[in-house]
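Labels A, B, C and D are assigned to the chains in the order they are written; within every chain, residues are numbered from 1.
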Amino acid sequence: MFIAGAVASLLLYKFQKAASYIGFGIPAAASLYGIWYFFMNLTGTEELIVQFPVMAAKFTLDPLGAFFSFVICLVGFAASLYGIHYAEEYRESARIGAMGFFFNLFMVFMLMVVSASHVFWFMVFWELMTLVSFFLIHFNDSEKTAKATILYMVIAHVGGAAILAGMLIMSSAAGSLYFQDFQGTAVSPVVATVLFLLFFFGFGSKAGVFPIHVWLPEAHPAAPSHVSALMSAVMIKTAIYGIIRTCMWLPLNEWWGIMIIVFGALSALLGVLYALTQHDTKALLAYHSVENIGIILLGCGVGFYGMATGNAILAAAGFIGGLYHVINHATFKGLLFLGAGSVIFRTHQQDMEVLGGLGKKMPYTAFAFLIGAMAISALPPLNGFVSEWFTYQSLIQAAIGAGFSGTLIFTMAIVALALTGVLAVMCFVKVYSVIFTGTPRDENIWDKAKESPVLMVAGMFVLVTACIALGLGAPYAASKIVGVITYITGSGLDVAAGITVKSGTGSIVSPFLISVIFVSMLFVPVIFTMIFKDSTSTTRMTKPWACGAKYTSRMQITASPFTGFLRQTMNWLYRSDVHFKETNGYFGKIEYSSHARDIWWDIIYTPIIKGFSGLARMLNVIQNGRMQIYASYVLIMLALFIILAIFG
Amino acid sequence: MELGLIVGLSFFLAVMSFAVIEVRNLNRATHIYTLQTLTLVLIFLAIAWEHSIGTLYIWAGTAFLTKVLLVPFLILMIIKKTGIKHEEAPFGGLFHPFISLGVSIAVAIMLEPIFIRFSLLKLQIPILVSIFVFMMGILGLVFRKSAVKQILAYCLFENGAHLTLALTAYNAPETVEMGILTDAIFSVIIMGALAMRFFHHFGSLDTSQANELKG
Amino acid sequence: MYGNINSAINLLLLIPLAASIAIWAGARWNNRALLFAMHLVAAVATSLAGLNCVASVLHGEKYMILNDFLLFDSISGIFVLVISVVGLLINLYSVKYISWGLENGEIGFNDARLFFSLSHVFIFTMILSVVSNNMILMWVAVEATTLSSVFLVSLYRNRRAIEGGWKYVIICSIGLAFALYGSVLMYSSAYHVIGDAHSAMLWTSLMDNAANFDPELMKVIFIFIIIGFGTKAGLAPMHTWLPDAHAEGPAPASAFLSAVLLKCAMAAILRYYTVMNRIPDMGAFLHQVMIIVGLASVVIAALFIIRQNDIKRMFAYSSTENIGIIASALAFGGKAGIFAVFFHVINHSLTKALAFCTSGNLQEIYGTRDAGKMGGLVRIAPVTALLLGVSIFSLSGMPPFAIFTSEFYTITAGIQSHQYIAIAIFLLGLAVVFYGLVSKFIQVTFGKPAGEVRHASEVSAIANLPLVVLAVIVCVIGIMPPEGLLSLINSAVAIVLNQ
Amino acid sequence: MKSLDILYLIIQVVAIILVSPLLDGIKRIMIAKFQSRRGPVDIFQTYRDIIKLFKRSETLPECGTWVFRTAPYLMFAVMATVIAVLPIMHSGSALSAASDLFLIVYLFALMRFIFGVASVDSGNPFAGIAGSREQMIALFVEPTIVLSAVVVVFLAGGVTNLVEIKNFIGSPEILKVLPVFIFSGVAFLFATYVETGKKPFDMAEAEQEVQEGLLAEYAGKRLALAHGSLILKQIAIVGLFITIYLPWPVVGNPFVSLLLFLIKLVVFYYFASFVEGVSTRLRIGDTRLAASGAFALAFISLILFIIGRVG
């Protein structure tokens, strides 16, 4: 049984705090085994009963669980390979040992969460996953991480409490604590809606859905890169797994699907809009996780809508879009984080404004980052395009079937998805080109930079091949996912025909054919150059042309002006606080910096915090030190209870 | 009304307890307290004689030994050691006595029917007075600032409780009664020791000065 | 079997009493080794006796001794188990703590002697209060615990300690006065029904013919009991003395107070609850009262925790909060609810003892209790940081640790009894507590030390040994509680619910 | 049948690539006439420029990575793919798997991606600004294109494959939903005009401000290819418009349909140059107003579609 295998190998590591090689070697091997194992039995269901006196823990591995474990192992393998070298950044061996220890625990707990099928143990591993990631984040220990982690822990804990409450209500209705008994419980619609809201917002808080996404851009940049890669690529997916798992129990109704879609669209749009204004690479990538979670939710929303309206094909189409994007997002987001990590590993600099021209010095990282950037902006030959294409198809198919408001919302979702695509392209053009291309902006970074160690690059290239394979091999991958979907919705959809991929409405696209045409078309310009090639073409290297003035690297466009224009037009959303200081005299140095604030922080969170601390201040009065007043509390309480007894 | 003697003694007891709380001079307050416990013992004897209950004689004896002799001696020793004769103004200021009087009488009237229903000796006035004394003790603790006065208040409500116990359930096993008395004595000793240390550190016995622990 | 149980229980009571007198008398001449040796011997002896008694009562047996004045059933078994296990570990730790106190000159040799002898009297009174079958004897024992622990609290000779001690005595005695009234009323009404003076006092007889007590009177009695023992247990509106008393005393003393003493007061309330629960239409009223008090303590304590800057006051407030949890679990009732009550009693006493002793370590390392001046504990004393981490995450209800399991049961009980609003408030309170505790944890362990560090070295291994044992138990009990413990708790639940 | 299609595909691509400089020549002559200046000698002037450029030697900024050097080839190839995919000559059969609406939209996105990265890679300040403007235009135009195209997809019963769409629009039922079709057609036309980067909206390659953006850094054969790819882009977007919205004289023979396509292309260019000659360049902020107008049109068509279908 895989779980026992994985647990044994990882736990073996847990007790012996060795240096980084062992620290990340074993999880790499374990996840390799995991990938092979999960890929094999995406459809079988096994069970593992672990006898604990308090509650018999039961772990069943059904296709849904297997799919998510496959995703975890895939990214886990790459991240642990990458981690072997990356851990050097944390010099003292105790720290690396501790990091390895927590890293393994993190992997084990995620696997357990995905396969737990008992309310108590699911909650135990769910909270443990948060606890371990809390420690991992604290490895680069700075003032900012303290604020980030407390925010992260509190939101995760409140989400956990909501999930626990929901599951317990469910279990009291179903009469037992095991998940499979929840399947057919008759729950009144009102309670079902309450449960759905509890689950959606409980898991949503972990996934970073729009209103509760605030912790994500704080926590991920603070963590070491391969940890934040694992967190954003995979941990968020466990929340999606949670939403799907819980909604399979409840008797669905249409409005839930539409609600998920609305939230998905909002998260997508706002995620990418905020990503554009970030200077810190990892914060930018974190906001992109919010955006991609939005896209996944769009797909799943259509899936749930289909299940609610009983239209199985629509449900299957929706889920394919959603689940396919889950695996795609895991691969290219992991890749991007690892890429950013290797940049930081070499330059110790997260702020994009200072980096530049690293493409020359770090060619492999540059190439890997480029593939990741193209995949995330869903450019055709790669996997991002295929999953967004599925989502488009499912939205169209849903729009045709729906009533007046339904079509309107679905079409608006399509437009939002398209807009997100454009903004994503803009954002990743900015990120890639500012870091890796152009002239270097900071001399000492430039000479220090060199290609990151072999294993880190190997880790990245595992994910690069995964991206390309998922892109070109779309028909094969999609048919595999259909197996999982038949488990969820009870009916599949013939998706793949040869090299093309079919959607519910019959429209087909074949990424393979496209790349063939693209490559053939590449020869055309080459032929043209052949024909006219009779000139003495000596290519001279010159400085870029700056209308005559001496070219300096400062003249080059940097990250913020690239999107500066967008910030002006969208200032109603960003309300960035512009800091403009005019120093002395006419030719004085002008200092200008504007930082976009996440306005949701003021709208939702500050009032809550103010409310609680205000309440606490009010209550503080009762503990004022004077004994007489304390004594009188006892008497007042006595009087109160007597009144209660008489009238109660 | 039943026999005049018990009723008279109980009224006398009530007046004495009011005086104990109100008198500012600590020495005189302790003397009044000793007088009060004496009347309590007399009540016990009167009831025992009246209703010919054997156990009450033992109760009266032990009460006399501990409460009339030992407790006042301890309190006087504390006053001698700290040398503080006079007590500060109480918490409620001028109208404090009226509040405590009013509240205690009200509570007494309210609780009395409940106690009377199951008590063995259906003597209405003494139960009323015992609850009154109990409440006077509690309110004394709440309103009074001086440590010694608080110890006196503690002994007061101890007497009240003792009288109630005697009236409602005199046939309780002896060990119980002994337990309560030893508790009373020990708490007076401990409070006294603490008061000495309080005086040593705060320079006076005014407990309202001690309000550093806030929030 | 009957014979040696009788002697075992007598032994259990006699050892601490004898020990305290011995220590007071024996350790006259100013040498520490003898003092510590006697203390350790006494502590180990008491806990062994305790465990021996508990072992005999694992499956719901019941023993009555001293012409039925003492009762040893599984309910008292649980509390004696707590006293012996937690008591032993705290005593081990207190030896080290007091030696630090002596070295730093905070306390003199006589104070140390007083501390040790009083702590044994304290253990004696607590065992008596839990074991006694007679209502008023129990009241006397609880009153005695207050008196014996006053000087434990005000050990340090400074103004704050005296103030804490004085408030503790005054407020508790006011509370207990009402409790006395309650028990007197209970006795008189029981006597009226049972008719025999002797047995009217005993819990066992009360439980048997509880059905024909008159509910009106019982309501008034229950109010007096809740007010009386509630003050002693630190339930919300009457908890004002708790932070002052627990924060000012030495760490082992406050560990004793909050880990064990509050539970014994809760034991008294539980006894009355078992009797009252059997009266036909009292359930609703009981539930109403307990819910108000339970939720009030959780919410008020939660709101105070986020404002605290002093580590020990924070843990004191978290004791009030956990007592509130126990009260709400009692209010939810049902099999899961009562199981949660007993399970939480054990979990909380273990975790709280660990928490207070770790704060003792922190005080030793940083020389102050103010969290603002602490920081970077991970680098200075990693083991203490780990212990602090275990205690804080367990208190805030993180899964691997014990308290999460008992909270899990409490919420299941709440949902089974359809108290959705109460559960919502309950979870909200827990979330606020979580924020308060974890933010303090981050402030202390990570970052750079703000204030000056007294001696920046790991606390000596001997001091940490009992704490590590405590930490391990807390982790293990959460997930894999031992078989014996479960049967003990289930039999106690059977008694309460009168199955 | 498959090999025939490939043959058609190659013919189609080669023909359009050869014709494209011709169209550019027409445009330059038209504009010159409007501004009453002599303009180039004849419509073949662009051919001569490109051939000349191929012969010239090159200068490259030394900081450019391989992305900058290969960008012209990539851009040219992408545009060629789009043209190849348009179902002008070959309709139906295996190749139709590649001609999908969203695919083409995202191929344009790929083009923008390469254009953006190359422009920043060159290190040239003006090219950088050009790259960012290119993205901005797309931001305004994309929703309109997608919305109007999606409405057409709804009309054609949810299938996004261009071949089916073409057959549907060619067939008589289009008459029933004509108003919806016209509105979305107008919106799409406007969006294509903006996308082509002609006069009022050619911020990315504006000569005066940004020295033709990306082209500034290229020289020799790369400049030729870059210039060629920009022209091809204009033809591709217009081609997309024509295949969806003006397929009318549906004719069986592929060659004739290719000819018809070229003729429509020339007519479109004729009108486009007319508009270009007259208007002046807008600030990028103002395009927002224009774009939202187009988006409103597309939205009306959506509402009409919904009412039409429900009613």
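FYI, contacts are C-beta pairs under 8 Å (C-beta built on N, C-alpha and C of every residue); 3 or more make two chains touch, one makes a residue touch a chain.
These numbers come from a predicted model, not from an experiment.
Looking at which of A-C and A-B shares more C-beta pairs in contact, the answer is the pair A-C.
With centres computed as the average of Cα coordinates, no chain lies farther from chain A than B. Between the Cα centres of chain A and chain C there is a gap of 45 Å. The mean-CA centres of chain A and chain B are about 71 angstrom from one another, to the nearest whole unit. Distance between chain C and chain D, defined via averaged C-alpha coordinates, is recorded as 79 Å. The mean-CA centres of chain A and chain D are about 35 angstrom from one another, to the nearest whole unit. In chain C, 166-167, 170, 174, 220, 243, 304, 307 are the positions where the chain touches two or more neighbouring chains simultaneously. The set of chain B residues touching two or more other chains comprises 138, 141-142, 207, 210-213, 215.
The multi-chain contact residues of chain A, meaning those touching 2 or more other chains, are 620, 623, 627, 631.
In this structure, the chains touch in the following pairs: A-B, A-C, A-D, B-C.
Residues of chain C that touch chain A in their complex: 166-167, 170-171, 174-175, 178, 219-220, 223-224, 226-227, 230-231, 237-238, 240-241, 243, 285, 288-289, 292, 300, 303-304, 306-307, 393, 396, 398-400, 404-405, 408, 411-412, 415-416, 423-424, 427, 430-432, 434-435, 438-439, 442-443, 446-447, 479-483, 486. Interface residues of chain A facing chain D in the complex, by the touch rule stated above, are 357, 359-360, 366, 370, 373-374, 377-380, 385, 388-389, 392-393, 396-397, 399-400, 403-404, 407-408, 411, 414-415, 418-419, 421-423, 425-426, 428-430, 432-434, 436-440, 499-500, 505-510, 513-514, 517-518, 521-522, 524-526, 528-529, 531-547, 551, 553, 555-557, 561-563, 565-566, 569.
Of all residues in chain A, only 620, 623-628, 631-632, 635 touch chain B in the complex they form. Contacts from chain B toward chain A in the complex involve residues 91, 138, 141-143, 145, 207-208, 210-215. Within the complex formed with chain B, the residues of chain C that make contact are 69, 134, 136-137, 140, 143-144, 147, 150-151, 154, 157-160, 162-167, 169-170, 173-174, 177, 180-181, 184-185, 187-189, 191-192, 197-198, 201, 217, 220, 243-244, 247-248, 304, 307-308, 313.
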